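Letters A, B and C name the chains as they come in the text, with residue numbers starting at 1 for each one.
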């Protein structure tokens, strides 16, 4: 099993490197002079020269990549064109905020999704199943940014129960919860739908296997069958949970911009609007790295639960 | 929990097998025809697509023409059944024209991904270990990014515009299709009728054409159909962020963005473009669900 | 005595087992090890052995679906394993294979007459003629083409599917047919029908069969000569009668004694052979059967026993029989 762990870790490295190549290439994909992509227009000639040397723009492309990679590894993600602040600081703060939102939204989506999925599977064909399935399809089809706007319209504008904008001004748990409530629901809808469907499908696969019929015919208590189904569908469920958490981290871009939530999505949106390439690069690189590590963690967790996977 | 409750196989109409022998695809069609939900979704989708296609004839007004006097009129205003937007442009016309943009931006990347992804995936599954490793590891790199992020990264670099949106979304979906295609190909490749074809003396090309494709394209098609709704949401989402289609073009995501500030004045009009995205996305999802159920091989 | 139709010499195939961090080869599965035999024109050679003895790998090696690590396969004097692609395509008309699994061996998307006709299309027969011949052959194997021709595999029973397999193998008019467990997946009553069909076809078309099975009854029923395999090696060959009446190798004896009988007088209390077949990954040194052999001697562990003739056309690889020529004086 440890061999599998080692091999998985080894595989993650070229993936990360490949991702970094893509992020690096963004600067050179953008139309225009790469320097203009990293420096504000009104920089002095000396500043431009200094940046040129620091980034290695006068050297061949592969060397530039290595220079950039080295600086990134040391934590230097460059400076924002708009604010002149080091990108790493902004990204760090934003990431914290996004994680909070992604975690709360994941909690909602996972708990409700798994509950609905299992409920659906054990009541297959009945009204409850059809209701849950309908809810799941709705969840999967709804554009989350639109859902956010609707939630704002209903709960903020019309009913004035919950605030429409970002992080709380007043400290304390209640204001925090009030501010995070709507974005959480909006972000959770699509993952909720996906998770419900996957859990239902995985649980049904196991329930329909013949040996479950055999277990039940032997009189195994319903609760034990339930636990058995849970254990056997755990790997599949875990995979989708990991994927959806990643989606929420990435998909938060849209929801955060709707609610002005000061996370990575908001930062990304701002960077796009301002054509602030260093910030764009920094955010995407950090998020991609996070995502790769997350997938790695999910894979390794799966091997713990089901050692058969490791034998591939 | 009643005993054997969850174990009863659902005897859907969809799971049935027709009496007379039919080719596989005709069986699929027959099953689809008996599934009411799918038919309804298909019908709804047809309405949406037709409305978008016929926009030049159906739209009562020019979608870019508006007068500030009439801005943010509520739905039901005579002459503007769905209201007007923040620049006074007729919502019905903009929704019809916007549908064309959104549908194109949503469908094209999936079509491209289907073709390119299938080719790459089948090659990876069938040809040999080196080709397979090369293709699959390259795809893994793209998998490092959540889809939204990848779309934003590429669009962010390329800039706004419909063409760039199509490119970036195609790149998002191709790795997914490749994975499914490779997996299906590997599974079919191990079956004995492929070995039988080799024993008959068939070359690789003949085997792929006659035996592999027919059995592999089905699952790939089902998967591709599940991605359409996501593609539409992403395409509109990119426009929402200012990365996709640019003003003054009408596109549902873009409309959602520009109308966002107006929710304090008129709550209903801003909801409409999103509703359109939602309805279209849902129709595609129900359709692809029905397709997947109908295509399951029984017996 | 004319030259044998098929000559197999020293056929060997080892599969690597990869493991470890970099996927290095940790061990080898010695599926087929130095197998040699002849097949004469017009006969049925039965190859019998338990699971894991390498029979299916052997079938694939003979048809060059898998490349061997060593050895030769000669068909009518021509080297099958080194033939050029164009020669190979020609040879494919003469050598055919009937597969074991009637469920996985037919393309679920093709009507069965197209599945049969495909082989002809590959070799350039025009479409109309190919279909005609396919339909005729389906009729010959017992499936009325007017009723079944356009049917799909999932609409047929196991026995019917196997008939389609046979038709597909015969449509190219081969000389030699390798049958890998052709009736194992079928009900007993259907087995007899399919075996009888195979016998009729063989007589009609002057075919030569290599039939592989783990079922002794099947082997006894159709074979002229029999080859017994154990863990990748041949341990005994001889005519079907000779092996049935006086099996020499301890493994062959155990095999024949293990066949369940309906005759109450033939009951025994103890099974004639104990244990499971060992793993082909790490076979015992010397004679591979020695760990289960009731007659094992110390020298059995040293080296693999060579083939020794005990009768006309009857050979055994066992040290027990090395003494016999001397004992016979």
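By definition in this document, a residue touches a chain if its C-beta (ideal position, glycine included) is under 8 Å from a C-beta of that chain, and two chains touch if they have at least 3 such contacts.
Just so you know, these numbers come straight off a predicted model, no measurement behind them.
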Looking only at C-beta pairs in contact, point me to the busier pair out of A-B and B-C.
A-B
Most remote chain w.r.t. Chain B, using mean C-alpha positions, is C
So which chain ends up in the middle if you average the CA atoms?
B
Where chain A and chain C are represented by their mean Cα positions, the distance between them in whole Å
55
Rounded to the nearest Å, the gap between Cα centres of chain A and chain B is 21
How many Å are there between the centre of chain B and the centre of chain C, using C-alpha atoms for each centre?
50
For chain C, give me the residues that contact two or more of the other chains.
none
Using the touch definition up top, name the residues of chain A that touch chain B in the complex.
11, 14-16, 18-19, 21-23, 25-27, 29-31, 121-125, 137-138, 140-147, 149-150, 152-153, 157-158, 204, 207-208, 212-213, 216, 222, 226, 246-247, 249-251, 253-254, 257-258, 268-269, 271-273, 280, 284, 287-288, 291-292
Of all residues in chain B, which touch chain A in the complex?
1, 3-10, 137-138, 140-149, 152-154, 156-159, 229, 233, 236-237, 240-243, 253, 256, 260, 263-264, 267, 270-271, 273-275, 277-278, 281-282, 284-286, 289
Can you check the complex and tell me which residues of chain C touch chain B?
60, 63, 65, 88-89, 92-93, 96-97, 99-101, 104-111, 115, 118-119, 122-123, 150-152, 154-155, 165, 168, 172
Which residues of chain B touch chain C once you look at their complex with the stated criterion?
21, 23-24, 191-193, 195-202, 206, 210-211, 214-215, 297-299
